Structure formats: structure tokens, C-alpha cells
Amino acid sequence: MDKAFFLHLLEPNLKKPILVEGLTGLGNVGLIAARHLIEVTSAKLFAELYAPYFPDYVTVKKDGICTPPCYRFYAAKTEKNHYIILTGDSQPPMEDTQGYYDICDEILNFAEKQGSKFIVTLGGLSTSNATNEVYIAATSEKLAQKHLEKGAKIYSGGKIVGTTGLLLGLAKNRGWKGICLLGTTTGFGPERGVALSVFKTLTSILEENVVSGTTEKPKKTQNINNQYKPEVT
Amino acid sequence: MDKAFFLHLLEPNLKKPILVEGLTGLGNVGLIAARHLIEVTSAKLFAELYAPYFPDYVTVKKDGICTPPCYRFYAAKTEKNHYIILTGDSQPPMEDTQGYYDICDEILNFAEKQGSKFIVTLGGLSTSNATNEVYIAATSEKLAQKHLEKGAKIYSGGKIVGTTGLLLGLAKNRGWKGICLLGTTTGFGPERGVALSVFKTLTSILEENVVSGTTEKPKKTQNINNQYKPEVT
Amino acid sequence: MDKAFFLHLLEPNLKKPILVEGLTGLGNVGLIAARHLIEVTSAKLFAELYAPYFPDYVTVKKDGICTPPCYRFYAAKTEKNHYIILTGDSQPPMEDTQGYYDICDEILNFAEKQGSKFIVTLGGLSTSNATNEVYIAATSEKLAQKHLEKGAKIYSGGKIVGTTGLLLGLAKNRGWKGICLLGTTTGFGPERGVALSVFKTLTSILEENVVSGTTEKPKKTQNINNQYKPEVT
Amino acid sequence: MDKAFFLHLLEPNLKKPILVEGLTGLGNVGLIAARHLIEVTSAKLFAELYAPYFPDYVTVKKDGICTPPCYRFYAAKTEKNHYIILTGDSQPPMEDTQGYYDICDEILNFAEKQGSKFIVTLGGLSTSNATNEVYIAATSEKLAQKHLEKGAKIYSGGKIVGTTGLLLGLAKNRGWKGICLLGTTTGFGPERGVALSVFKTLTSILEENVVSGTTEKPKKTQNINNQYKPEVT
């Protein structure tokens, strides 16, 4: 294996799906938020991405079954939107910049074939004093401004490292639109509280159909929030 | 050399050979067990794999002859099975994950051309108190469970690093079946005792023909055990 | 993305443009000098270079808009010369030598298509006692000697690391001509003073049309120096 | 530049040239010995090898001219043999094993096109107490034994790192014959004394035409030794 490759498990038949990324990282904010989304939308695993940039080990579960590191793609359909939700247990080593660039391009190629042109990436933002605040960056100023009313603040000046940042930036280079939601975290252990804040901002934005720019109140968002049982109080 | 390449020394004419891997690593458990198998089956060296992922030196033996690092493939035939036994003196540097992925794919491509669809990888499992126990991981729960009667315990939760893990995981991705046997070791020096335990579990499993699922008592296993002179008491 | 790629924004229609490079580095001497040149020549951004060798993050500006690291190419036309001015916010990690070689080749390929055969690279030279002196290295002894009258001293023996050095060296291998101007810097913070000295030497040399070897007094240089408002006194 | 490439300066018209390698390394033993050979044979520079594995800088000489790192190939003809002498100022970073493998393959491809099938690599061997002894390793036991009478001892067990080792090992894999001569060195500074010992063993072996296996006394060797003015007494 000298290139990333995809295992296709199902044909999801998605229409203009929004690509939502939440991977391991600072406080696992993105990962936890993405898993919430998978749960509430009853998303189905439909593809796996393996790549030589991942760590060279297999993980063994309690039943003794081994699996190499991979990214997983889940398909979901709500009344408002179709989604591709990208999550996974591992990331390439931080110093492997070529791995990050290549894997991000593979992901965007894959999502484009499914019809994606809009992306939301989810991650953590390191602070000394976590306040459950959510920051937003975007591919355009208009998009960033649009969501201030949802409780997100503009992330005005800094870096977004790894897949969460690069995927958004490379999508922008292809003419996609998209946003990044960053939950503030001290980075000690999984941060379920702020991940929940990120998730709420996410559903508030997406299920009100910001992608097509309409503002009518979504019904599905209510369903999602009702369905959802937070793991933290 | 920008890719792995094979030196073909003999045409082994194997039928559905089981690929058995035992390389350098923790306590050299896998290496020693694989060498036992080569010895008792009188396996013949039939191919060598060179790759730009190996260290950039040559080893010089007592007679002054130099050889670059390589993996070696031995062919063996017993009454029960045909084998490709993979062993070698070196491994890529731990941080070269792309090297591990590429070399594992090359090995699986090579073994598939020989007809392999079943793999056994052998390695060490780090413990503070080595007890000669053997743990098993597998490509399916059924396979892992099947061998508990042979004295192996389920390796329930953890990682298997390097070729021993990745080769099994990537084989699973191709639809192969296979198991990994891990001998517990403190990792200080070569661990012949636990390597012997791994070897015994290996022959107990393979020579009773678990691959095709039959359960009749093998004759060859007896021969092997009689033939075998352990180096530890 | 497994290779560098260019975003073409404008068609600059340049004739035999001089490639001037000034990137981040020691005291940001080259970067500041290149930005001066962009300013005084009212150069236009016409292309961006993205590459998997850049860091794996996006930078977010005050308005919340994210951008991956890139090199930027500006086109300028004076009465004397056409210019491609290369600048950027990031560089590949120092240890990624293959990244540097590949990106330098891509830059030279790109500039050759625009008609470039002459290069000027700008950088800093580490000293314990910065004296605003400017040193020159070149692709030929003749070229190095030619500019001593402009106040530059011969950089006689040493290394020029990164893009500033390699771009000049690889251009020489292709038969280009070119020079490197190095401002002495202690490397603490941005060095506007010495960057100004480098810029003055640069315009003194280029706008007197050293490339074609003529020596008549340029009018444009006067304009540039009049136009120019230095940021340091 | 994503691959090594050659600048061809002259057409040397060599017949079955012996490839002699002496590069930077432990005590620069190989480098100094190769330079001696270039001097006494009046060898001519005929090709340069550039590669993205070399360091990302240019060296600037006293006249201000910059040059990227490269390997240089010199052609020499004596009454006994034709030679390609490989030397250079830099090597890839030690950890870039893929760089070493690729560059060694490029060198062997290049030398094969010139007709080479025999190689001599020269290097240093680290000892705590340098004794000017020369050790030999080879592609076959016969070749190693053959030269014991020349004062070289068998290097019986160990590693030869970098180009000096790998070039010999990969040449052996292609069916070449060859030897490595290692001068013992403490590794502090350039070791001219032991480099001279290596050079003497080299000319004693090569100019007595060991390659074709004849044993008659060469005239040219006498010339060389007469011509040769050692830099150490």
C-alpha cells in the first residue's frame, strides 16, 4: 500500500451531502461531537479509508479481532440534509505533513464523487480555562458572520492544525464552502461538555439549512434535540 | 531502488500455502519460533525481499561476505499443509509507517501469487512477569475462539505493532483469514522458552489442519514434536 | 495532494521576467525586502503554489477566513524589467530536504514557462553583530564581481540554506544566471533595517539593468527610490 | 526534482571500468583515498549526480559561486584498468534510508551503462586505537581471501553503514563482484595516515589486476607509487 485506498461497504445514494469531520485530537472534541451526530441521525457506516500514513499497528478488540487504523465514513439523511460523517480512531503522526495533505485530498475526492460541496470540520481549541465557548472559522467572511447569532464567536487569528484545519483549507481551494467549529478545551482528557456545545451549534446551523441559505425553523432539529441524551449533565 | 523487490531463488510449487511470519522484535519470540518451524519442516529458502525501507547498511559475516538487510521466504511441505515461512534479520525503523504498509502489501501480493489465503503471525507481548502464556488475536471471532482449547488465551484489547500486527490486519482487509500468536515476554534478550510455547501452539493448531476446519489427529505433528529438540529445558 | 500544484489567478504576460525570491527566514530579511519590491512596483498577485511539504495547518485571519500555507507569485513591470516576485508566509520544515528540492524545481519550471532565465534570491546571514552589510553570491564569478561597486561584498565561503540557496543553485544547474543578496542579521525579530539595505542593493542592481549588461542610468530606479517610504529611519 | 538526476559533462569512453567509491564519512578515510586516486591517475570529472536526498543548501566558495551538493564521477585510464571514481562533499542525512537506497541504485545503473561490473568501496572503521590496519569485506569469500596477502585483514562480522556498505551490497544483488576496504580510525578529524594505507592496498590490489584474476606484476602500479607524493610522512 503506497497510497490511501477505500473499502466501499454500502452505496449510500446521497444528494449533495454535507461532509462533517470529527476526528481524534485536542480533548477529542471533534470525535465526540461527530459520534453524537452519528447516533442521533442513525448514520450508517458505508466506507473505510486505509492509508500508509496511519500508525503501523492493528488494534485488537475484546473479542480478539484485529483491525488496522482507518477513517470511517457514515451516511445520514435528515429532512433537511444528507450527511457524510467522517470519524476514526487514529490520525497520521503530527510530523507527517505529506500524509495529512494526501489523505485530505483523498477525502475530498471521495466526498466530491458523492456530490459534496460543503464541509464542516469539528475540533478543539486549546485554552487554559475552558468555558464551553465555540469558535468559528470559514471559507468566507460571509459564512463566518452568518453564524454568530447561533452562539459561535469568530476565531479571529490563529492556526487550525491537522485534518480539521487542512481539510477545510483544501476544500476552499477547490471552490467548496465550509466552516470549522472549535470548542475550547484545556486538553486534559475527553471533553464531553464542550463537545456537546459544538454539537449543538452544529445542529443549530446545519438543520436550519444554512447551506442553501434559508432561515425557516427546521422540524428535524427539534427531533434531534429530543432524541439526544447527553452523556454529561 | 524506490520500491521493494524480490529475488526469486527457487520455484517452490506450493498449494494454498499458509503464510507464517516471525521477525525480529520483542524478545525475538516470533523470529525464534519461525526458525524452529523452518528447522523441523526442513524448509527451503526460495525468495528474498529487499526494500528501501530497511536500514542503510550491509551486514558482514565471519567470512567477510556482505549482505543488505532483507526478508527471507522459506517453502515447506508437510502432510497437512504447505507453508511460506517469512523471517529476517532486520525491520524498517519503527517511525517509517509508510515503509511498513508498503512492505506488508508486497508480502501479501507475493504470497497471494503463491496461492496463500491464510496467515499466522508470531510475536512477543510485553509483560512485567513472563509466564510463557500464549495469546491469540484473529481476523474473526470464530477463529480466535476456535483455538482456546490449544492453550492460547484471547488477546482481548490492545495493539499489535509492526509487521506482526499490520500484516494480519491488511490480510484481513483482502479477505484472508488468519491468526496472531503472541508469547508473553519481559523483552530482555531472546526469549527461547516462550518462543517454544508459541511454536508448540502453532504446530498444534496448524498441523491439526484448522485451516480447512477438520479435526482429525495429524500424524505429521507427532513427527514434528518427536523431531524437535528444544534448546531450552 | 501528493505534488505541488499552482492556482493560476491572472495571466501576467511577462517578457523575460526576473524571478525575485524573498521568503520567511533569518530575521525575515528576504520576506521584508520582497514585500518592499511588491509595494513600490505595485505588483499583482497572479498565482499561488500549494504543496504537501508545507505545514499541515491553515492560518485564520481576523475575519475568520482560513487559508492553507502557500507561496505567492506577484507580477510587476517597470521600465527596465519585468518581475516575478515570490513570497509567502511559510516554508517546509527544515528537515524535509526532498520537499525543498521538489518545490524549488516546481518554482523554476513555473518561472521558465513565463520566460525567466535570471534569478535573485534574498535572505539573511547570521552574525553576532549586525552591520547592515549586504553580501552577494552568484552563479558565476563574473556576476558576483560585477556588483561590488553597488556596496555588496562577496560572500566568500559558507552555506546558504533553504529555498534562498537551493533555488539559486538549481537555477544554475539549468543554465540560468542569478545572484543571492544576503543581509547580515542577528536573527532576533524582523530586521527591517538590513532588509532595506538588501532592497536598495537589489533595486540599484536590477533597475540599472545588470541582466542585459548595460550600464546607463535608469530613470525608473529614481522613481522607485522617490516612491519608497522606508519603515525604519 | 523528485528523483536523482545526472549532469553529463564528458563522454569518457570507458571499457569495463572499475567503480571506486570514496565519500565523506568516518575520518573521511574513503574521501581522502578516492582523491589520491583521482590525483595519481589524472582522472577527469565527467558527470555530476544531484538528488533531492542531499541537504537543502548550496555551498559558496571563495569566489562567491554557489553549488548544490552533488556526487562527482571522474574517469581514469591506467595501463591495467579503466576507473569511474565516485566522490563528493555531502551525503544524505543518516536517517534517510530511502534516499540511500535510491541513490545507490542510480549510481549502479549509471555505472552499468558505462560497462562496470566490479566495485571497490572505501571507508573508515571506528576503533578506539587506530593502527592504520585495513580490513576487507567482499561479495564472495573467494574475493575476500584473495587479498589477504596484500596486508588487508578479513572484516569478520559487523556492519558497514551508508553508501560504502549499501553500494557494495546492492551491487552484489545485481551480480557484480566487489570489495570494500576499511581503514581503522578513531574518527577524530580527517585521517590521512590510514587513508594512505587504504589507498596503497587499493592500488596494490587493482593495479595487479585482481579483477581479471591475473597475478603478473603491473608496471603502472610502480608508476603510480613513484608519482605519488603522500601528504603524511
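Just so it is clear, A, B, C and D label the chains in written order, and each chain counts residues from 1 on its own.
In the analysis below, a residue touches a chain if its C-beta (ideal position, glycine included) is under 8 Å from a C-beta of that chain, and two chains touch if they have at least 3 such contacts.
Because the structure is predicted, anything quoted here is derived from the model rather than measured.
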| task | Go through the assembly and pull out the chains touching chain A as well as chain C. | result | none
| request: Could you find the chain whose CA centre sits the greatest distance from that of chain B? | output: C
| request: Determine how many degrees of rotation, between 0 and 180 and to the nearest 5, align the Cα atoms of chain C with the equivalent atoms in chain D. | output: 90
| task | Specify, for the interface formed by the sequence copies chain B and chain D, whether it is same or different in terms of residue numbers shared by both sides, with half as the dividing line. | result | different
| said: How many angstrom lie between the centres of chain A and chain B, each centre taken as the mean Cα position? | reply: 39
| query | Cα centroid separation between chain A and chain D, in whole Å? | reply | 55
| query | What are the residue numbers in chain D that touch two or more other chains? | reply | none
| said: Per the contact definition, I'd like the list of chain B residues that touch chain A in the complex. | reply: 94-95, 97-98, 100-102, 104-105, 136-141, 144-145, 154-162, 165-166, 168-170, 172-173, 180
| Which of the residues in chain C end up touching chain A in this complex? | 1-2, 7, 50-68, 92-93, 96, 99
